[in-house]
């Protein structure tokens, strides 16, 4: 069930804090001016910052041990958008939405698009979830999707991605992100090189159908759900693939998807250097998980 | 559905391999004899090795992303025991079973015990799962169980442990293992010291009711499901608690539950040194996950 | 060669910044007051903070690859103290000095003590360096010091610690810190339990001679210089030893001496809980290393 | 001082073990035959394996804490080669030598080459050590070598590499390996992208002078001596640079130079896939360090 947040309520809450905020802002302005930095220039840049909210982000996440949903969880994509609207009203920098297919598959794209736009939101990017089986799915992704040894499974996963592109077109999206759970749990399970070849073959089929003006994002991750190896495990492999695919393919860096002690900021600099930085995912723990348990 | 494995079938399969095995055994005997090691003495020790099978181990595990169950998964504790019997017939060193409550709660303990014993199995240890909510559970473990800030939740978790002891008594068990998911996802969420005090209080209530001849095992884990801190996060805390509780409380070492680069074997030596090594959990990836995907 | 820093020069430099500092302090006071926090109370606590400077800290550190000393490096303990005086004049919270023996062994303790005290400094703690061989040293520490399998080597290392206590008494110190490099580079090299027994035996001999009013600090470290295992490798072992030794023995936590992903702040909380937190070492990279190379 | 090892002594020692070896070999042959594997084919491949010994490998390594040299350490490049000869006589697979300049700079290359060849050895690869300052060196590598912000320092480091190529030509080498210690100890110290640009500029100058038939190896390392970032920190950067330089430039993988939990074997597979695997460095702890301390 969506939560109604009136702009009046936000304004009223802000009002009570405005004086302090202005006071702090003025003092920060003085401090920056001492260093010859113009606070208004920084403020303009900060105000221009936009981040897309993933549609699953308004639900309660979990671990393999348990999921503890709270009251009022969204039950469908419309309720998710209603919750995203609340986030947008509060933070003002999240008009874009990142949709996950098949979780958020709309029955009627124009209706969903209008539903979003009437709330000041828009569908920005699409994501193909081929790391789970859906009820009634013909072939299982248990042993892989876009890199499966069986061509029929790869074909199914490719089709799922192409569906994302079609849906995205009708929803007004401009980006498509591919993250797969494909990998191996033991040494020897996967042929490292052949799996990468299959990955590239599948991605080429997707890239070929990328709508005009879109960008394709490849997201890497070294572990989870695969325990031993993942096909797109690090930025080096991601960069290689993005380069092979073409100028509209980019690497996407999830700030949390790296082995311990990795210098992630240097990886970001490398991808900027190589012209292949597509964007970021910000890994966070669902804050809702923790709000009730303060114990001091 | 349980899988019937006849001893004849095992024997027939073994027969075909016996000659090679005997040949390899003889040669290994010669190699050891060169170093003045008696192979028969080693064989006796190996043959005496016993490990209890966790009842959940015959199901398909998963990750937070997905679970891909296979055909023939056990649907209840009886079918789990049938599958454990297959394991036992194959490896011969696993007559003991480690039961998890409430997952495996029997409606009639004597029936379950007889069911196990008629298959050459016995219930060896009990485990209290307070890291999930069960349907109809009065209070949620979302924010902790044995260390929850609310005494009523702690009381419920303690009762669940005491139920394990009662059930275990009627089933012939001798060990009780406590692993909790309690912890915090962010700095400041948990008061480290108070949480440990509550843990010890709860454990004392359980230890007090430990049946004669039983041992209590405390299992530590540094992460998962809690992302930032866990109440019983390392062997040092586990040892301290086991010592506080009394001579029948011991630390249990899961070989996988440590931060990267930890020298786990040294921890084992320390606990032996301190007389507090209770046993091991062997963390493995479900081998079933990988049997069908060889790709060479 | 010591560097002369006049208080006038410091005062003159401070003068130019005082107005801004006062302005920022006032504004921070306002911000804290909004949260009902009294800035003066916090300032008093911050002003009371003291940290001892290790005598080696005023030299240039290095790695196993190279050491790149700068001009004006102190050549002896007196020049080290002159440099510590500069640090003290600048930061005001470091009157104490932590001496390392044999590096800083004085020929005449009263002279050194007076040299320090005339500069507003005092010798606070002693450290026994038994991880290196000194020219002319009868027995080598190559394979261990306080835990060496050869009793004669252990005896030599104990004597070196007792010398620290004697020197410290004459210098006015009150703490003695023991960190050893003892450990093993390969599985099987060290008998984990016997090595710990020898450690405790050696420490008992030192603890027995601890001067009245002193505290003994045990510092743990999981790696380096030993690659595979160290005798005092984690807080659990350190706590056990401190408890065995007696009420004047404590664990010292070097914030950098832990395996990746360790929750160090929780370890600190545990040691506070157990009444065994002796203090901290703050691991830093020698800032001098980096001051000249800014490249933006 | 070199250690003389007669072939007779080796043969005599082998003689006493030959019978057991033959017996074990025969039995292993039987075991492999059961799996349709021809032991002689495997033996041929194993016998063809060659690894070059680094000239520094016959000395005693150390840590930043101490170096504990043993008796008989080689004092110059000739004594190092004598020791390498002993290694070669024992293991038979190490005729090649990897020389480090300036450590092993010969005064007369033909004499050194003849000295090696008369012992069945040959100089296989060169290495440029620009991570230390040598006495009398005009410019310091304290803040970098091939990537230093000062062009004069880069020029000096390039010249040192070109000297390696010249020396290597006269010594009969065919490979040149570049590993640099350049990096930063703090965020902000190094401009990630500009440092990489300077690295590539320097490497291009070296690659341009690479003698006909040679290969250039780039060795990456994520930490040490730099604590925060290194210019060539991972395989992704190494691959990019090798590709930029040309078809005779390759990535060299030191099996130990990766952050914890890295899947190094997958990196090797990637570089094979991309045609850029130059070779390996096998990181080991100097076994000499541990031979005397067995304690069981």
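A, B, C and D are the chain letters, set down in written order, and residue numbers restart from 1 in every chain.
Here, a contact is a pair of C-beta atoms (placed from the backbone, for glycine too) under 8 Å apart; a residue touches a chain by one contact, two chains touch by 3 or more.
The structure presented is a predicted model; accordingly, all values stated were derived computationally and were not measured.
Of all chains in the assembly, those touching subunit C and also subunit D are A, B.
Chain pairs A-C and B-C differ in how many C-beta pairs are in contact, and the one with more is B-C.
Look at the CA centroids: the one farthest from the centroid of subunit D belongs to B. Rounded to whole angstrom, the centroid-to-centroid distance between subunit A and subunit B, based on C-alpha atoms, equals 37 Å. Computed from the mean C-alpha positions, the centre of subunit B lies at a distance of 42 Å from the centre of subunit C. For subunit C, the set of residues that touch two or more other chains comprises 228, 260-261.
Listed in rising order, the residues of subunit D touching subunit C in the complex are 61-66, 68, 131-133, 140-144, 149, 181, 184-186, 188-191, 194-195, 224-225, 227-228, 260, 285, 289-290, 292-296.
Listed in rising order, the residues of subunit A touching subunit C in the complex are 20, 23-24, 27, 30-31, 34, 260-261.
By the touch rule above, subunit A contacts subunit D in their complex via residues 187, 192-193, 196, 222-223, 228-229, 233-237, 239-240, 259-263, 265-267, 269-270, 272-274.
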